[in-house]
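What follows are several structures.
Consider the two complexes below, in which subunit A is the common component and subunit B and subunit C are the respective partners.
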Partner chain A sequence: MIIQKDKLFALLEKLKSGGKRIIAPTKRENILLFSEIGSTDEIIQDYINTRLSLKGFFLPRSEPILEFRIHQKNVEYTTVLEENIKPTVVFGVRPCDAGSLPIMDKVYTWDYIDEYWVKRRESTIIIAVSCLDCDEACFCTSLGLDPGSTKGSDILLTPVGNDTFLVEIASDKGKKLVEDNAELFAEGDADKDSILAPVRQKLGKKFDLSSIQPWLQENFFHKFWEQNTLYCIGCGVCTFVCPTCHCFDIVDEGTVSGGKRMKLWDACQFRTFTIHASGHNPRARQDERHRQRIEHKFNYYPKKFGDTLCVGCGRCVRYCPVDLSILRILTMISQLSQTGSQTSRAEEK
Partner chain B sequence: MNYKEITEKIRERARELLATKKVGVIIGWAQGSTPQKTHPVFITNPDDVEQLVWNKFCYNNLSEYLNRQEIRAYGRMGIISKGCDNKAIVGLLQEFQIEEKDIYIIGVVCEGMGEPEPLDKCRFCDVHTPVLYDELIGEQVDIQPEEGHFADVEKIEQMSREERWEFWQKEFEKCIRCYACRQVCPLCHCRRCIVDKNQPQWIDLSSHPRGNFAWNFIRAFHLAGRCIECGECERACPMNIPLMLINKKLIKDVQELYEYRAGYDPKAVPPISTWREADDESFII
Partner chain C sequence: MTRTLYTPELCEIIEIRDETPDTRTFRLRFVDEEKQKNFTFTPGQFGLYSVFGEGESTFCIASPPTWKEYFECCFRVVGRVTKALRLLDVGSVIGFRGPYGIGFPLESWEGKNLLFIAGGIGLPPLRTVIWTILDPGYRQKYGEVTVVYGARSVSDLVYKPELKQWEERSDMKLIKTVDPGGETPDWDGKIGFVPTVLEEAKPSSNNTIALICGPPIMIKFTLPVLSSLGFELKNVYTTLENRMKCGLGKCGRCNVGDFYVCKEGPVITAERLKSLPPEY
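Moving on to the complex of A and B:
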C-alpha cells in the first residue's frame, strides 16, 4: 500500500478537523521540535531527528497532578488528569523514538499503573517515518533496531520518491486509521530494503551489544568509570533529551492558601537526585552518578524487562556539553570486554 | 607555534609537571567523539599525556572543574588555560573559592575557537594571551577585538518593552530546566543553588512561564558583575536560548555603572561584594 504526500497531509488535516491534536516536527525559535501544528504547512520533512523526543507528550516536562486549597486546618484537593488527555496524532516520529514507547510502557505498567502515561498512550496514534539518512551520533542498528523498524508505531511510512510513501500497518490502531480513510491510500509496493540499504550501511554496527551487560555486571568498581566519566558536569541534558529516561520528581508549589502538586522530569545526573534527608549521598561522586546512567540503561533495565533502555537516537551524544558520548562509552566497554581487562573488587582504587 | 607544536609542548610540560609531582593532575582537553569535538580530561599519570590535545575545538571552560571535590582530591591542579577560561580563575580567586597554591596555570595563547567560523565571543576577545599564568605556551598574537561588542544587546535595548517581553517569553518557553547553563558555569559554584533549596521553594521548578522566567533571571542576576563572558552557558544550552544576550546586558550595565569588568585583576574588589556609605541608594523604594 502507498500514499501520496498530498493525500497524507489531507489525512492529517481531516484528523485535525475531527478534533485530534496533530503533533509534527516544526521549527520553533531555530530548533526543530515536535509541536502542535495549526496547518500542515508548518511540517518540516527534511531532518535527521528533533531536538527533544516525543516523550514530553506522554510525560510532560512539568504538569499538575492535583490542586489543593487550604482553609485553616482543612486541606481540600482535586486531582487533575482527564482534562489533560487529548486525542492526538504524532506524525514524523523516527523509528528509534517510536521504539522507545513500548520500552517506557513497561516501566509505567509493571507494578503501579501510571494513568497519566497509559491514558495518553491509548489516545495517541503514532505515524512514524523511516530514516533515509543518519548522522555520526545515531546508533539504532547497534541495539537491534533499524531505520525502518515498526516497533512502537501504528503506521510506518517509508519515503520511496516522487512524494510517495510506502505504508506499513503496525498495530490495530493503525489498521483502523487506514480502514477509516481507505480512499486516501492506494495499491502499490516498493522495495523497502533497497531504499534503506544506504542508510543501513552508513549506520553499520558500532559495538557488540551482547558484550555490554556481562561487563557491566562484573565491573561496577572498575577504574573505567573514574577514568572516563568523571568529567560529566551533572546536568540534565542527556536525561531530558532522552526518549527512554523516565524519572520524575513530585513537588508542591503555591502559597499558604493553596497550590498545585507538580510532576516534573528529574535526572539521576543531578547531585541532589540521591541526597538523603540526613545529608548523606549514596552517589556522592559524579562518576558514580554517571555509572548509574549506563548501568540502568544496559544492565538493570535489561535484567528486569528483557530489553534495553536506549534506542540509539544519539541525542545525548549530540547535545552533551562536555562530549561525554554514550556511544563512545559503549564502544570502549565492548572493546574492554573483548580484551578481558577487568579489575576485581580487591584492586579497586 | 601551530596547533601541533602547542599540543606537543602541552604534553611535554604535563609529563614533566606530573613526573616531578609538582601537580597531582593536569586538567586539559582530549580528542572528542568527532573531529569537531574535544572533551575535558584529567591526567594523573605521566604516561597518559598523549591524550592531551590543542585545536580549534577546545571549547570547554576547564576552570569549572577547579571547584570540584573529586578533582581537588588529586592534589594540586595543573590546568591548561586559554584566556577566557583564565578569567574565571581570576573570579574564583577573588571569591576565595581556590587559593593560588592549589593551582598551577599553563596559559595557552589562543587565536580563537571554532571552525569554519570563530565563536562569537572570540571575535571580541581581548585575552588571546591569558591574564594569569605560571607559564605560557605559544607566542603573543596581535589580534584586535572587532568593533560592536554590544551590538546584539543594543538591538534588544531598542525594542519596545512589549517586543522584549515577547522575545524573551518565546525563548524562555523552550527552557527545559536541565541546568546545563549552571553546571557548566565556572562561577556558578554554590554548593546548593537557590533553585535546589526547597524549604521554602524559592523558585518554581516547573517549566511554566513563571518558573522559567524566575530561573533564567535569577541565574543571570547572580552572575552580575561576576560573569566573565566565556559563553559556556549559551553553548551548553540544549534549547539554543540566547543566554549571552542577558549576560552581556549585565556586563554592559556593570561596565557603565561601575567601570568594572570581571576577570582581569585578582586583586580588584568586585562591585557586588563592596559597599560605601556614599553609594547612591535612590533606586531603593
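Moving on to the complex of A and C:
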C-alpha cells in the first residue's frame, strides 16, 4: 500500500478537524522540535531527527497531578488526570523514537499502573517515517533496531520517491486508521530494503551490544569510570533529550492557601538526585552518577524488564556540551570486554 | 473522584510527641473511617507523608499493624517537608500514600529468637516489629527477644517511655546504651558504642535472626561483630534508606543496582546487600 504526500497531509488535516491534536516536526525559533501544528504547511520533512524526543508528549517536562486548597487545618484536593490527556496523532516520528515507547511501557505498567503514561499511550497514534539518512551520532542498528523498524509505531511510512510513501500497518490502531480513511491510500509496493540499504550501510554496526551487559556486571569498580566519565559536568542534558530516560521528581508548588503537586523531569546526573536527608549521598561523585546512567540503560533495565533502555537516537551524543559520547563509552566497553581488563571490588576499595 | 497511583489519602494528626529535640512522633488516623478500618500493612513497609504545598517525604510506618485505631510515624526535622510537618498541630491533616514496599518476613521467623540492634532514629523501623511480636497473639510464636538500642546521648534516645516498659517486661531483654560522653548523672544504662556493647553482651546466634537499623557507620561496625558471634548474613536483616519520590517503582531514584528499594525493599538481608553495588 502507498500514500501520496498530498493525501497524507489531507489525512492529517482531516484528523485535526476531527478534534485530534497533530504533532509533527516543526521549526520553532529555528530549532527542530515536535510541536502541535496549526496547518500541515508547518511540517518539516527534511531532517535527521528532532532536538527533543517525543517523550514529552507522554511524560511531560512538568505536569500537575494534584490540586489542593488549604483552609486552616483542612485540606481539599482533586486529582488531575483526564484534563492532561489529549487525543493525539504524532507524525514524522523516527523509528528509534517510536521504538522507545514499548520499552518505556514496561516500567510504567509493572505492578502499579501509571495512568498518565498509559492513557496518553492509548490516546496517541504514532505515524513514523523511516530514515533515509543518518549522522555520525546515530546508532540504532547497533542496538538491534533499524532505520525502517516498525517497533512502537502504528503506521510506518517509507519515502519511496516522487512524494510517495510506502505504508506499513504496525498495530490495530494503525489498521483502523487506514480502514477509516481507505480512500486516501492506494495499491502499490516498493522495495523497502533497497531504499534503506544506503542508510543501513552508513549506520553500520558500531559496537557489539551482547558484550556490554556482561562487562557492566563484572566491572562496577573498574577504573574505567573515573578515567572516562569524571569530566561529566552533570548538566543532565543527556537525560532530558533522551527518549528513554524516565526519572521524575514530585514537587509541591503553592502558597499557604493552596497549590499543585507537580511531576517533573529529573536526572540521575544531578547531585541532589539521591542525596539522603542526613546529607549522605550514595552517588556522591559525578563518575558514579554517570556510571549509573550507563548501568541503568545497559544492565539493570535489561535484567529487570528484558529491554535495553536505549534506542540509539544519538541525541545525548549530539548535545553533550563536553563531548562525553555514550557511543564512545559503549564502543570502549565493547573493546575492553574483548581484552578482559578488570578491576575487582577488593582492589578498588 | 478520580484517583491515580499518586493520589494521597488524608490523615489527621491525633497526637504529637517529641522524642528528642529534633525528632517527633505523629499519631495519625485516616479521615475516612473505612480507610482506617481496612488499613493493614506488614512491619517494615513505608509510606509517603505529605504536607500540601511543601511536598512528600518517605518514612516507615513506626507502629505495629496490631494497633488498629491509628498508626504512627517518627521523623527527624532536616528538610523542607519535615520542617513543615513540625509546624503542624493536633487536628491538622496531612497526605499519606502507602503502605509500600516489602516488610519483614515475620512468619518465616516463627520459632526463632530475635535480636534487634538499633541506633538513634533507627529504632522506629524496628519498633513496629518489636510491638508486633510482643502482642499476646504473636509472642508465643517466637523465642527470646533481645533489643540492643543506643544513641549519641540520653536525649537522643527515642521512645523513652517505651524503653522503660520493655525493661520491665519479663518476656524480653533490653540493653540500652549511649555513646561515651552522652550519659547523664542519672543514666542507668550502658556507656559505649552499639557494636562494643553488642560484643560484650555476646547474644547467641543459635536459631536467631538479627535485625539492624541505624546510621551507616553503626551498621558498618556492627556487621563484623555479628559475624564473629556466628550470625550468617542471610539471617541478618536491615532496611534501606534510599531517597524516593514515587515509592512505586517508576521515578528511577531509589535503585541500588537492579534492586528497587521501593518495590523489592526496603527490608533486605545482609547477604543480598553484599551482592549489590555500595550505593546505599
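As a working rule, the second predicted complex is superposed on the first by the 348 of 349 C-alpha atoms of A that agree within 3 Å, B and C clash if a C-alpha of one lies under 4 Å from a C-alpha of the other, contacts with A are read in each partner's own complex, and residues count from 1 in each chain.
The rule we apply is simple: a contact is a pair of C-beta atoms (placed from the backbone, for glycine too) under 8 Å apart; a residue touches a chain by one contact, two chains touch by 3 or more.
Quick caveat: nothing in here was measured; it's all calculated off a predicted structure.
When the two structures are aligned on the shared chain, A:V251 is found in touch with subunit B and with subunit C.
Of the two partner chains placed by the overlay, neither subunit B nor subunit C lies in contact with A:F9. Once the two structures are overlaid, the count of subunit A residues touched is higher for C than for its counterpart among subunit B and subunit C. Of the two partner chains, subunit C is the only one that A:K303 touches; subunit B does not reach it.
Within the superposed three-chain model, A:P321 lies in touch with subunit B and out of touch with subunit C [touch as defined at top]. In the superposition on chain A, A:F240 makes contact with subunit B only, while subunit C stays out of contact range.
In the superposition on chain A, contact is made by A:L52 with subunit B only, not with subunit C. Touch criterion met: A:C268 reaches subunit C, while subunit B stays clear of it.
Shared contact residues of subunit A, touching subunit B in one structure and subunit C in the other: 249, 251-252.
Per the touch definition, subunit B reaches subunit A in the complex via residues 32-34, 37-42, 60, 64-65, 68, 70-71, 170-171, 174, 176-180, 182-184, 196, 198, 201, 204-208, 211, 232, 235-236, 238-240. On the subunit C side of its complex with subunit A, the touching residues are 1-8, 10, 50-57, 76, 78-79, 82, 89, 91-93, 95, 215-216, 241-243, 245-246, 248-253, 255-258, 260, 263, 277-280.
By the touch criterion stated above, subunit A contacts subunit B in their complex at residues 28-31, 33, 51-52, 61-62, 136-137, 230-231, 233-237, 239-241, 249, 251-253, 262, 264-265, 267, 270, 272, 285-287, 317, 319, 321-325, 327-328.
By the touch rule above, subunit A contacts subunit C in their complex via residues 65-66, 68, 70, 73-75, 77-79, 81-82, 107-108, 110-116, 220, 246-252, 254-256, 258-259, 261, 263, 266, 268, 273-278, 280, 282-283, 288, 292, 295-296, 299-300, 303-304, 349.
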